[in-house]
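Naming follows writing order (A, B, C and D), and every chain is counted from residue 1.
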Amino acid sequence: MASKTQVGFIGLGNMGKPMAKNLIKHGYPVIATDIFPESCKELQELGAQILETPADVADKADRIITMLPSSPNVIEVYTGLNGILKKVKKGSLLIDSSTIDPAVSKEMAAASEKMGAVFMDAPVSGGVGAANSGKLTFMVGGVEEEFTAAKELLSCMGANIMYCGQIGTGQAAKICNNMLLAIGMIGTAETMNLGIRLGLDPKLLATVLNMSSGRCWSSDTYNPVPGVMEGVPSANNYQGGFGTTLMTKDLGLAQNAATNTKTPVPLGSVAHQLYRMMCARSYASKDFSSVFQFLREEEGQ
Amino acid sequence: MASKTQVGFIGLGNMGKPMAKNLIKHGYPVIATDIFPESCKELQELGAQILETPADVADKADRIITMLPSSPNVIEVYTGLNGILKKVKKGSLLIDSSTIDPAVSKEMAAASEKMGAVFMDAPVSGGVGAANSGKLTFMVGGVEEEFTAAKELLSCMGANIMYCGQIGTGQAAKICNNMLLAIGMIGTAETMNLGIRLGLDPKLLATVLNMSSGRCWSSDTYNPVPGVMEGVPSANNYQGGFGTTLMTKDLGLAQNAATNTKTPVPLGSVAHQLYRMMCARSYASKDFSSVFQFLREEEGQ
Amino acid sequence: MASKTQVGFIGLGNMGKPMAKNLIKHGYPVIATDIFPESCKELQELGAQILETPADVADKADRIITMLPSSPNVIEVYTGLNGILKKVKKGSLLIDSSTIDPAVSKEMAAASEKMGAVFMDAPVSGGVGAANSGKLTFMVGGVEEEFTAAKELLSCMGANIMYCGQIGTGQAAKICNNMLLAIGMIGTAETMNLGIRLGLDPKLLATVLNMSSGRCWSSDTYNPVPGVMEGVPSANNYQGGFGTTLMTKDLGLAQNAATNTKTPVPLGSVAHQLYRMMCARSYASKDFSSVFQFLREEEGQ
Amino acid sequence: MASKTQVGFIGLGNMGKPMAKNLIKHGYPVIATDIFPESCKELQELGAQILETPADVADKADRIITMLPSSPNVIEVYTGLNGILKKVKKGSLLIDSSTIDPAVSKEMAAASEKMGAVFMDAPVSGGVGAANSGKLTFMVGGVEEEFTAAKELLSCMGANIMYCGQIGTGQAAKICNNMLLAIGMIGTAETMNLGIRLGLDPKLLATVLNMSSGRCWSSDTYNPVPGVMEGVPSANNYQGGFGTTLMTKDLGLAQNAATNTKTPVPLGSVAHQLYRMMCARSYASKDFSSVFQFLREEEGQ
C-alpha cells in the first residue's frame, strides 16, 4: 500500500481529537497542534507529530483540517501572528469544520486565496458519539472542484459528506438546521406540556403527534418528556446529548446571519432568547431538550 | 343484511356534508339538519331525512354526530332553545366532531349527563379531501366504555379512530397537534428563507434538513417553498389545503387552553400572533404554508 | 345632615375591605357579605350589617358594589343560585369593580337589564395602598346617564373617576393599561440589563432614558433596578407593589380580549408568556418589576 | 477674537451636513470630505475646505468628527487605505457620531491609541430637525479627561452633551434607548389598537394611559394613532420623523450587543423582527410609529 501524505489537524477538543484519531486509523500521518499541550499527548501516543503553532503545521502539511470553538479562534488560527496563512503552501487545501459565522468563513476563504490556498467550510452534525464512530455528517461549502479532494479526507471521519454550494453554505446549512431544530424542540416541549396539563397521557400524545402533522425529529426521535422514549437524554435526566450552551451559540450565529441578510426569523429569535435564559440557570450544561423541564416548572411549587 | 338504526347528523358544511354522505354509503339511515336549508338538499337527494331543528333530530335518533364551526355554535346546538338536549333520549350517544375549546366539551358532557345522555368529543384532522374519501383521523375523548360504540360510526368516516382519554382530551390532542404544526411550519418557512438568502439552493436545503435533526412534517411532507415539492399547496400558489383563518382559530383555542391551565407556550403564542397578522392581509384564504410568502417579501421591493 | 341610603358591598378581600370602610367613613350604611365569614367581622365592628348571601344584600340595598377575584366569581355572585339577580330590585345600580373579561361584564349587564337593573363595570387601579387611602382610579363603563350616580359612590373610594364609554370599556381601559405597563416594565428591565452589561452605570442609564424617547412609567417612576430609585419595590427586594401573579392574570385577560377581537398583540403575548414563566418560579408573589431579576440571572453562576 | 483652529468633518449626509454647518456658524474653520463630491459643494460655498480623502483631512486637522451610516463605513474611514489613521497626528481627538456596534467603537479606539490619537464615540439622538437647529443630544463614551475638549465642539451642534463612561458606552446608551423606544412604540400601537377594537375612543384611551402606569413617550409625546395628537408623524400619514429602516438598523445593533454579552432581550428581539417585517412592505420609509398601521390592518378587508 502506497503511504498516504500528511494531514494537518488543528484543534484537539472533544470533537477534534476523535476526528484526528479516525484520520490516523485510515492510515494518514497526522501533524497536529492545540493550545493545550495536554490535549496533544493522546494523539502523540498514536503516532501523530505534534508541532508548536498552526504556522508550523502549515509549513509541513498541505492539507489541513481545523476544528475550533468559535469565530475568533478561527480568525486567530488562520490569520494570527502564528497562523496558518503565515506559512501556508501554494495549492494547500484548508478545511474548517468549526461552526462559525458564514461571513467569517468567507473572509478566511478570501485571505487564503490571496496566499494561493483553498479554504472550505465543512461544519459537522452528530456530536461526540458520531465523531468517535466516524459517522459525522459534513456540510461542505466552497469551490466545487475541490470537493472531491475534501471528501476523501472527510470520509474518514463522517458517513455523509454533503456538498452545499459556494463558500459559507456549509455553515449556512448547519445553522439553518440547528435553528429549525431548536424551534421544533421548544415547540414539542410546550405542546407536550400543554397536552399533559389538559389531561393527555404523554406517551399517547407523542403517538398522536407522530402519526399526524405535528410530527418532528424532536417528537419522534428525541422526545423531551421523561418516560416517553428510551435512550434519549430525557430518559437520563438530560445528561449527555447536545448542550444548551452550544445550542444557544448556534442560535446566536443564526440570528447574526438573519440580521445581516435582513431576514425575519421571529420564532428563531424567540427560541434564541429562551435558550439564553436557560443558560443563566441550571440548564446550561444539560441537553437542550431540558427546555421541557424549564417550561414545565409548575406554579405554586 | 339487518337494517341499521338511524343516525342523526347536525352541521352540513364543507366537512359535515361528506362525512354524512359516508354514513349513508355505509348503510346508515341519516336524519340531518342545518341552519342553511340549501345545505340539506344534496343529502336529501341521497335519501337522508331532513328535520327542522337539532331537537327534532334528537327526538328521532339516539346516536347523533355534530360538526360545527365553533364553540358558540356547539353551545347553541346542544343547549339552545331548540337544542339537542331539549328532546334527547336517555342513553343517547352524542359525538361532537367540531374543533372547540375543551372546556366547552366538558360543559356539554356535564349537561348531557344530566339528561341521561353520553357526550364525546371527537375532532378530526385531515381536511376536506380526507372527509370525502373517508380517511379522516378522529381523536376521541370521553367515557372509555362508549368508545366502541362511537368507533363503529366514526369508522365509516375515518381511517384512524384514536381514543385519547377522558372528556376533552380529543380536543386537547387536536389543538396540541395543530399548535406544534403551526410552529413547525413557521419555523420551516423562516429557516428555508434564511438559507436561501445565505446562498443555499432550496431543494438542497430541504434535503439536508430532512436527513438531519431539523426534519419535520412541514419540511418533508408539506414544504412551504415553491419548487421544492409537488402536489402540495406551495406548488399551486397556496390554493387549497388548510386555510390560514382555520389555523388561526385553532391557535386561539390553544392559547385559551394554555391560559386556563397556566401553561407557558412562548412559541405557540408568537405563532398565533403571526397567523393573526396574516389573516388581516391577503393570506386569510390561502393555505397556512403561505407564511413562507409572508416572511419572504423582500425589502426594497 | 340627612342620613344616606344603604349601599351593598360584596367581596371583602384585600381591596374590597378598605373600599367598604371608606364608604362607611363617608357616612354610608353598608350591608355586606363575603364567602369567608371572618372577613366580615372587621366590617361588622365598624357598623356594617352582614348578611348571608348576595341575594340577601340585593333584597335590602338598591346600590351594590362588587369586588371579586375573577370572572367565575362575578358570574356566581350575580347569576348564581343565591346571586344578586335572584332578588335585585327594579332600578338598582350594580357596580362591579372586579377586573374581569369585558365580555363577562357585557353578559352581566344584559342579565341585569332583564331584571330591570343597571350594571356598570368599574375596575380600579392603584393597589391596596390607594384602596386604604381612598385614592383609587376607577375606569367606568356603562350607560352614561347612570355615571353621575355611580360617581357619587365611587368618589368615596377613589381620586379619579373616569367615564370610559359603553359597558365593558372600563375593563377594556384597565386591561389595555396593564398590558402596556407589562410591556414597558419588561422592556425597561431588559434594556437596563443590556446597558449594565455594556458597561453603563444604571443610574446614569436611567437618567439618559428618562430624558429621551425611551422614557416610560417603569423607567422614571418605578424603576426595576435596585439602587436606581428609592421607595419602590426594587429598593425593597421586590416586596409589596403589584404581584407577578396579578399581572399575569391581567395579561391573560388582555390576551383573551385580543383573541376575541382578532387583534394582533405580539409584544403583549410574549409579555404574558414571560410573566407566566415567572409565576412558576420564585417570582409569583414578588412585585412585577422583579422581571429585572428574572432576566438578570447570569450565566455560569 | 482669536481665530479658532481647524476641525475636520467626514460624512456630509442628512445629519452630517447640518452638523458641519453649525460648526462653521460657531466660527470653526471646517475641513471636510465625503465620498459623494456633490455633498461637499454646499459646505464649500459656506467656506469649508474640501479634501479628497479622510487621510488628507487627518493630515491637516487634529480634531475630527465623523458621521457615517454604519460600522463598515466607520472601519473604512478610520482604518482603510486612505483612512484617518494613515496620517493622523499624535494627540488628535477623533469623535465618531455614527450609530454603530459598540464593539467596533472599541476596535477603532484601540487602533487610534496605537497611533497616539484619542477616539471617542458620540452618537446622537434627535433627528434631522435637531441637527439643523443645533439641538442634538450627544451620548459620549471614552476617556473622561478628553470629555471637556469633545464637549467644546459638540456643544456647537447639540443641546445635551452627556458623558456616559468608558469607550463604547455612548453607543450603548443610544442603542439601549432606541430598543426601549421601539418596544414602547409597538406596545403603544398594539394597546391602542386593542382598546379601539374593544370600543374605546382613542383620545380617551390615550388620556387614561397617560394618567396611569401605561404612560410612555410613545403614548404621551408621539402617539401613533392618527387623530390623537397634532404635530406628530401619525397626524401626517407617517411622513417625516424616524424611519422604520433606521429603527430596524438600531434594533439589529441592539440584538448584536445582546448576543455578544449573553443578555436576554425577549421583547427587543420580537420588536426587531416586527420592524424587519415592516421594512419588506410599504413601511420602510415611513416613520416608525406606522407600526400602528401595520398592526391595524383588519381581517376580511
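FYI, a residue touches a chain if its C-beta (ideal position, glycine included) is under 8 Å from a C-beta of that chain, and two chains touch if they have at least 3 such contacts.
Computed from a prediction, not measured in an experiment: that's the story for all the values here.
Peer 1: Moving only from a chain to one it touches, give the least number of moves from chain B to chain C.
Peer 2: Between chain B and chain C, the shortest chain-hopping route counts 1.
Peer 1: Looking only at C-beta pairs that count as contacts, which pair of chains has more of them, B-D or A-B?
Peer 2: Taking the two pairs in turn, the one with more contacts turns out to be A-B.
Peer 1: Between chain A and chain D, what's the gap in Å when you average each chain's C-alpha atoms?
Peer 2: 38
Peer 1: Using mean CA coordinates as chain centres, what's the chain B-chain D distance in Å?
Peer 2: Roughly 50 Å, centre to centre.
Peer 1: If you average the Cα atoms of chain A and of chain B to get two centres, how far apart are those centres in Å?
Peer 2: 40
Peer 1: Out of chain D, which residues touch more than one other chain, so two or more?
Peer 2: Only 262-266, 270, 274, 277, 279-280, 295, 299 qualify.
Peer 1: Which of the residues in chain A come into contact with chain D in the complex?
Peer 2: So the residues of chain A in touch with chain D come to 252, 255-256, 259, 262-266, 269-270, 272-274, 276-277, 279-280.
Peer 1: What part of chain A is in contact with chain C in the complex they form?
Peer 2: Chain A residues touching chain C: 270, 277, 279-281, 284, 295, 297-301.
Peer 1: Help me check something: in the complex, which residues belonging to chain B touch chain A?
Peer 2: Going through chain B, the ones touching chain A are 102, 125, 137, 139, 160, 162, 164-166, 168-169, 172-173, 176-181, 183-184, 186-188, 190-195, 197-201, 204-205, 208-209, 211-219, 221-222, 254, 257-258, 261-268, 270-271, 274, 295, 299.
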